[in-house]
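The following blocks contain the structures, represented as C-alpha cells.
First subunit A sits with subunit B, and in the next complex the same chain sits with subunit C.
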Partner chain A sequence: MTVELGFGVLVLTLIVTLYGVVAAIIGVSRKDQRWIDSARYASLLIFPLLTLVVIAILYLIVTGHYEVAYVYSVSSNATPLYLKLTALWGGQAGSLIFWSWLMSAFTSAVMLRKWNRDREFLPWVIVVTLVTLVFFLVMSIFFENPFNRFWATPMGDRIEAMFPPAGSDLLLPADGRGLNPLLRHPGMIIHPPMLYLGFVSFVIPFAFAIAALITGRTDDRWIRITRRWTLVAWLFLTIGLVLGMRWAYDVLGWGGYWGWDPVEIAALMPWLTGTALLHSVMIQEKRGMFKQWNMLLVILTYDLVIYGTFLTRSGVLSSVHAFAQSAIGPLFFAFISLTLIVSIWLLLLRWKSLRSEGQLQSLLSRETLFLVNNLLFLGLFIECFWGVNFPLLSELVTGQKVTFGPAWYIRATGPLWGGLLLLMGIAPLSAWQISTYKTLGKAFWKPFIFSLLAVAAALALKVREAGALIGFWLVALAFAVTLYEYWRGIRARHNSTGENWLKSIWHLTGKNRRRYGGYIIHLGVILMAIGVIGIEAFQTQTQGALTPGQSLELGDYSVKYQSLAEWDTRDGKNITRAVMEVSKNGRVLQEVYPRRDYYYDSQQPMTIPGLRSTMVDDIYVILVDWEPISSRQATFKVFHNPLVNWLWVGTIVLILGSIIAVWPSTEREPAK
Partner chain B sequence: MQRKFIIGGILILAAIVYLIISSSQANAQYFLTVEELEAKKQEMSGRELRISGAVIGDSIQFDPKTLALSFDIVHIPGDNTEIEKLGGLAEVLHQAVVDTSRPRLQVVYNGPRPDLLKNEAQAIITGTLDEAGVFHAEELLLKCPTRYDEAVPAQVEN
Partner chain C sequence: MAKKAFVFVLLAVTFFANLQTAAVFAQEKTPVTDDDVNEVARQLYCPVCENISLDVCPTQACEQWRSLIREKLEAGWTTEQINSYFATQYGDRVLAEPPKKGINWLVYILPPAMIIAGAVLLARTITRLRAPKKNIASVSRTADTSGDKYLTRVEEELKKRKG
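Moving on to the complex of A and B:
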C-alpha cells in the first residue's frame, strides 16, 4: 500500500512540476499575473509532496519492507534506527529522491521571498528550478525508481519492477542486505547531505542568472539577490568535502585524507568555480566589471553540480566511490549538454549588454588581483577537468587509456594553490582602481618581515624541504596580512569612536560582515593549509610484525604492542582490537586501539586506525594482520602525520567566518 | 595600458598549460590490460602503469612479518561495454579466473594485505614492470562486484 501511495505521489509531483513550468511560460507570454501566481503555488506544493514521498521511503525502510529493492539494498533487520533513517541517501535511487527533496525545499524558500522589486525574474526562476527538478523526477520515476519491488515470474525468473508482471508473485525476503559497512560512519552519514545541500543551493544563483539573461535585466540585481545563496552553497560544499576527507582519514585506513580520486575531484570542481564566483561577483558589485565572466562562472558551476551528482552516482569511472552502477549516464550527459548549450546561447545573446563599465587601471589594483585569483581558480578547474577526462579522451583518440595519479595532480595544481595563498597575502592590502608599489609596500613590509621570521623559525626547526619552506612562507604571509588588515580596521574604529577594543572588534565585524567574515574564512583556509603542508611534506611511516611487548619506532615516538582481543558484537560483527601504548622519548603518552571489524552479513572487513591526535602531530596506527590462533604476533603500520589537525581546526574557523558573512544584516541594502 | 594586462593573462594561461604538459610527461600512467602488457612488454618496462585484472585466490601469498604480498592476476577485457556484453563484471571475473589459457601476471607488493584482496576480485594496480616480467605494485585498488551487485535476494520467506 505504502509503495503504491509513495509512487503515486511521486508521479503526481512530476505532474505538478511540469504544470508549474508550463504555467510560468504561459504567464510570461500572455503577460498574465494569474498564471504566474499559479506556477508559484505549484512550486510551493512540490516540497510537501516530496516530503510525503520521503516519509513513504523511510517508513518502508524502518518497517523492513524488503520486498522493495531499494530497502533490501540499504537496510537490514540488524541495522540500527539512525542508520535506517540515513539509508535514505545510502543508495542511488534514494539519493536522487533526496536531491529532489532538498531542491524542492530550496525552491520553496525562494518562492516565499518578497518579489516586489523583481517581478520579472519570478517566472524564469520558476522555470529553471522546476526544469531541473523535472529532470531528477523523471530519473527517479522511469530509471531509478526507489519503489521497485521483487517479483517471481511464472517462468521462474526473479525480476525487479514497479508493477507486477502478469501472473507473478511478490518476493518477500526475510532480511535486507544492509548498508555497505564503509558507509556506516558518522562522517559518511552527514557527508552526502552536506555535499548535496551545496550542490542544490548552487541551482538558485544559476536560476536568477538565467532569469536575468532572459529578461535582459543584466545589472547586478541577480547577484545581490543570490550572493547569500552562493555563500551558503559554497559553505555546504566545503563542509561536505572536508567531511569526506575526515571519513577517508578515519575509515579507509591508508593514512591520508585525499586521494585525487575522480569522484573527489568531481565534487571539487564546482567548489573551484564557485569559489572563483564568490570573489568575482564583488568586482561586479563594486566596479561593474567581469559581468560576462560571472555569468560564465555561474553556468559552469551549475553544470558541474549536475556532472558531480552524475559522477558520484553512475560508476563510469573506477573509483573507491563506485558503490553504484547504472544506465542513467547518457541521460545526465544529455541534460548537461542541453542546459549548457541553452545557457551559453542566452549569454551570447546578451553579451553586449554585459560589457564592462570600467577598465583595469593598475596592475596592483584590487580588481586586477581578483582577476588573477579567478584565473588561478579556473586554471585549477581546467587541470582537474583535464585530469578526470583525459583517460576517456586518450582512449578515444589513441585507443590507449592513460590515467593520472595523485603525483600528477600534486605537481600540476601545487603551484596554483601556492599562487592563491600569495594572492591572499597581497590582495587585502591593495586598493581599488589604482594601487602603486609604493602604497602597497608601505602596508606590506610589516607582514612581510613576520613571514620571513616564520621561515627562519622553520629553518631553525630543521625544516629543509624547499616546497614546505615556500608553503610555510606563503602561509605566514597570508596569515600576517589578514590579521594586520583586521587590526588596522579595529584600530581605526577604536581611535575614531573611542569604543573599547572588544566592542570595536564586534562592531567592525557587524558593520561589514561580508568583508570581515571573509577574512575569517581566509584565516580558516590558512590554518587548513598548515595541515595540508604538514601531512604532504612530513608524513613518515613504518611497519612491522610484533609480539606483545615489542615496539615500532618512528622518529621520537615508540608504539608498543600490549595485547590483542577478539569478540563478536550483538549487531553482527566481529572485532579484533589491539592495545598499543604510544610514548615519546621514553615518556608514556596514551593507549590507542587500532582494530579490524568484520561484518558477517556483508562478509566485509573494515580497518579502523588507532589515533593519538594533537595539534602538533597525529600518530596513526593500523592493525594489518595477526596470527589467528595464538593471538601473539600481529603486524602494524604506523604513520606520523605532523600538523594534520590544523586541517580540521581550520575548517571550523572557516565555518564560523562563513556564518558571519552570511548572517542577515539588519541594515537596508544601499539603493543603487 | 591594456596590453600589460593581456600579456599578464597570457603568461598565467601559459603557465597553466605548461604545468599540465610537463606533469603529464612526468606522471602519466598507461592503463593496460594484462594482454596488452604482454604484447608491449619491452616498451612498457620501467614506466609507471596501471593494470586491471582478476585476482586468482590460490596465488595469494602474504608474509605478515615482512608484509611481502604476492599474487597473480589474469586478463579481463578493459572496455566497460564489452564487460557488460559478456554478462557483467562478476561473470567476466569468474570466467577469467577459471580460464587457464589466458595470460597471467605476477604482482608483488610491500604493505598490508588489502581487505578486499580475494579470489575473483577486480584489481586495478599501479606500479612498474621489471625485466623479469614481475609487476611491482605501489598502489592496489580492489573491487568485489558480486557482493553489492546481486540484484535479487536468494533467500525468501513464503
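Moving on to the complex of A and C:
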C-alpha cells in the first residue's frame, strides 16, 4: 500500500512540476500574472509532495519491507535505526529522490522570497529550477524507481519492477542485504547531504543567471540576489568535500585523505569553477566588468554539478561501454548537452549587452589579480576534467583504458595551487582600479619579510625539499598578508572611533562581513594548505611482518605489536583488532588499535587504522595481514603523516569565515 | 720470512673465506623488504580495483600481484622491468600514468596548451581594456578589437578628465 501511495505521489509530483513549467511559460507569453502565480504555487507544492515520497521510502526501510528492491539493497534487520534513516541516500535510487527533495526545498525557499523588484525573473527562475527537477523526477520514475519490488515470474526468474509482470508473484525476502559497510561511518552519513546541498544550491544562481539572460536584464541584479546562495552552495560543497576526505582517511585505510579518484574530482570540479565565480562576481559588482565571463562560469558550474551527479551514478567511470548500456547514462549526457547548448546560445544572444562597463586601469589592480585567480582556477578545472575524461576518450579511440595516479595530478596541478596561494598573498593588498608597484610594495614588505623568516625557520628545522620550502613560503606570505590586512582595518577603526581593540575587531567584521569573512576563509584555506604540504612533502611509511613484542621503526617513532584478537559481533561482522604501542625516542606515548572488520552480509572487509593524532603529526597504523590460526605473526603498515591535522582545523576556520560572510547584515551603526 | 709466510697464509684464508661467502650469496635471492615491494606497487593499479594503487589494495588478487612483484624483485628485476611486464600482460591501464606515446601525448600537451592559451587571452583582454590610458591614436589603432561604443566611451572619459 505504501509502495503504491509513494509511487503515486511521485508521479503526481512530476505532473505538478511539468504543470509549473508550462504555466510559467504561458504566463510570460500571455503576460498574465495569474498563470505565473499559479506556476509559483505549483513550485511551492513540490516540496510537500516530495516530503511525502521521502516519508514513504523511510517508512518502508524502517519497517523492513524487503520486497522493495531499494530497501533490500540498503537495509537489513540488524541495521540500527539511524542508519536506516540515512539509508535514504545509501543507494542510487534513494539518492536521486533525495537530490530532488533538497532541490524542491531550495526552490520553495526561493519562491517565498519577496519578488517585488524582480518580478520579471520569477517565471524564468521557475522554469529553470523545475526543468532541472523534471529531469531528476523522470529519472526516478522511469529508470531508478525506489519503489520497484521483487517479483517471481512463472519461469522462476526474479525481476525488479514497479507493477507485477503477468502471472508473477511478489517475493518477500525475510532480510535485506544491508548498507554498504564503507558507508556506515559518521563522515559518510553527513557527506552526501552536504555535497548534495552544495550541488542543488548552485542551481539557484544558475536559474537567476538564465532568467537575466532571457529577460535581458543584464545588470548585476542577478548577482546581488544570488551571491549569498552561491556562497552557501560553496560552503556546503566544501564541507561535503572535506567530510569525504575525512571519511577516506578514517575508513579506506590507505594513509591519505585524497586519492585523485574520479569520484572525488567529480565533486571538486564544480567547486573549482564555483570558487572562481565567487571571486569574479566581485569585479562585476564593484566595476561592472566581465559580465559575460560570470555568466559562463555560472553555466559551467551548473553543468558540472549535473555532471558530478552523473559521473558517480552512471557507471561511465568503470567503462564507456557500461555507460552506453546503463539506462541513465545517455539521458544524463543528453540533459547536460541540452542545458549547455541552450545556455550558451542565450549567452551569445545577449553577448553585446553584457559588455564591460569599466576599464582596467592598472596591471596590479585587484580586478586584474582576480582575473589571474580565475585563470588558475580554470586551469585546475581543465587538468581535472582532462584527467577524468581522457581515460574514456582513450577507451573509445584505442580500446584501452589508462590510469591517472596521484603523481600526475600533483605535477599537473601543484604549480597552479601554488599560484593561487601566491595570489592570496598579493591580492588582498592591492586596491580596486588603481594599484601601483609603489603602493603595493609599501604594504607588502612587512609580510614579505615575515614570510622569509618562516622559510629560515623551516630551513633551521632541517626542511630541505624545494617544493616544501616554496609551499611554506607561500603559506607564510598569504598568512601574514591576511593578518596584516585585518590588522590595518582594526587599527584604522580603533584610531578613528576610539573603540577598544576587541570592539574594533567585532565591529570591523560586523560592518564588512563579506570582506572580513572572506579573509577568515582565506586563513582557513592557508591552515588547510599547511596540512596538505605536510602530507604531500613529508609523508613516510614502512611495512613489515611482526611477531608480538617486535616493533616497526619509522623516523623517531617505534610501533610495537602487543597482541591480536578476533571476534564476531552481534551485528554480523567479524573484527580482528591488534593492540600496538606507539613510542617516540623510547618514550611510550599511547596504544592504537588498527582493525580489519569483515561484514558477513556483504562479504566486504573494511580497514580501520589505529591513529595517534596531534597537531604536529599523525601515526597511522594499518593491519595489513595476519596468520589466522596461530595469531602470532601479523603484517602492519605504519604511516607518519606530519601536520595533517591542520587540514581539519583549517576547515573549521573556513566554515566560521563562511558563516560570517553569509550572515545577513541587518545591524546598523548608530550615527555619531 | 716466517712473517711473510704468515701474512700470505692469512691473505689466502681471507680470500677463500670471502669467496665462500660470495658463493653463498650468489645462491641466495636478493633480500626484498615489504617496503621495496610497496615502492613498486605504489606505481601500479590492478585492472579490477579501480583507482586503488596496488600497495594499499586489500583484495586477494592484489595480494597475489604483490607476491609476484616480490618474486621479480628477488630475481633482481628493476622497477621499469616489472612495470613493463605488468603493462604487457594487462595493458597500459595498470600504470599510474599513461605512457607517453600515441594519443596519450594529448594528456601532457593539451591542458598546459589550454592554460597558456587562456593566459594569452587574459593578457590580451587586459591590454585591450587598459587602452584608454594611452593616447587616442593608439586607441584607434586597436579599434578593430573594441568597437564603436567602446571608443565613444573612451573619448567621453578623456573629455571628463580634461574638464
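Criterion: the second predicted complex is superposed on the first by the 649 of 672 C-alpha atoms of A that agree within 3 Å, B and C clash if a C-alpha of one lies under 4 Å from a C-alpha of the other, contacts with A are read in each partner's own complex, and residues count from 1 in each chain.
The definition used in the following text is that a residue touches a chain if its C-beta (ideal position, glycine included) is under 8 Å from a C-beta of that chain, and two chains touch if they have at least 3 such contacts.
Please read these numbers as outputs of a predicted model, since none were measured by experiment.
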Quick check on the superposition: with subunit A as the shared anchor, is it clash or fit for subunit B versus subunit C?
clash
Could you say whether A:69 touches subunit B, subunit C, both of them, or neither, answering first, second, both or neither?
first
Counting only touches as set out at the top, which of subunit B and subunit C does A:403 meet: first, second, both, neither?
both
Is A:18 touching anything from subunit B or subunit C once the two structures are fitted on A? First, second, both or neither.
neither
Taking the superposition on A as described, I'd like to know which of subunit B and subunit C A:262 touches: first, second, both or neither.
second
Report for A:383: first if it touches subunit B alone, second if subunit C alone, otherwise both or neither.
both
On subunit A, which partner's contacts cover more residues, subunit B's or subunit C's?
B
Please work out whether A:542 is in contact with subunit B alone, subunit C alone, both, or neither, and reply first, second, both or neither.
second
Scan A:355 for contacts with subunit B and subunit C and give back first, second, both or neither.
second
Touching A:575 in the superposition: subunit B (first), subunit C (second), both, neither?
neither
With the two complexes superposed on chain A, say which partner A:150 touches: subunit B (first), subunit C (second), both, or neither.
first
Per the definitions at the top, what is the overlap between the subunit A residues touching subunit B and those touching subunit C?
318, 359-361, 363, 368, 371-372, 375, 379, 382-383, 386, 390-391, 400-405, 407-408, 412, 416, 543-545, 605, 607, 624-625, 635, 637
Footprint of subunit B on subunit A - complex, ascending
66, 69, 72-73, 150, 158-160, 169, 171-175, 177, 180, 316, 318, 320, 322-323, 325, 359-361, 363, 368, 371-372, 375-376, 379, 382-383, 386, 390-391, 400-405, 407-408, 411-413, 415-416, 543-545, 602-607, 622, 624-627, 633-635, 637
Considering only the defined contacts, which subunit A positions touch subunit C in the complex?
253-255, 259-262, 289, 317-318, 355-356, 359-361, 363, 368, 371-372, 375, 378-379, 382-383, 386, 390-391, 393-394, 397-398, 400-408, 412, 416, 541-545, 596, 605, 607, 624-625, 635, 637
Listed in rising order, the residues of subunit B that touch subunit A in the complex are 1-2, 4-5, 8-9, 12-13, 15-16, 19-20, 22-24, 26-32, 48, 50, 52, 62, 64-67, 78, 80, 111-113, 115-116, 124, 126, 139, 141, 143, 147-149, 151-153, 155-158
Touching residues on subunit C, where the partner in the complex is subunit A
33-35, 38, 43, 45, 50-53, 56, 58, 63, 91-98, 102-104, 106-107, 110-111, 114-115, 118-119, 122, 125-126, 129-133, 149-150, 157
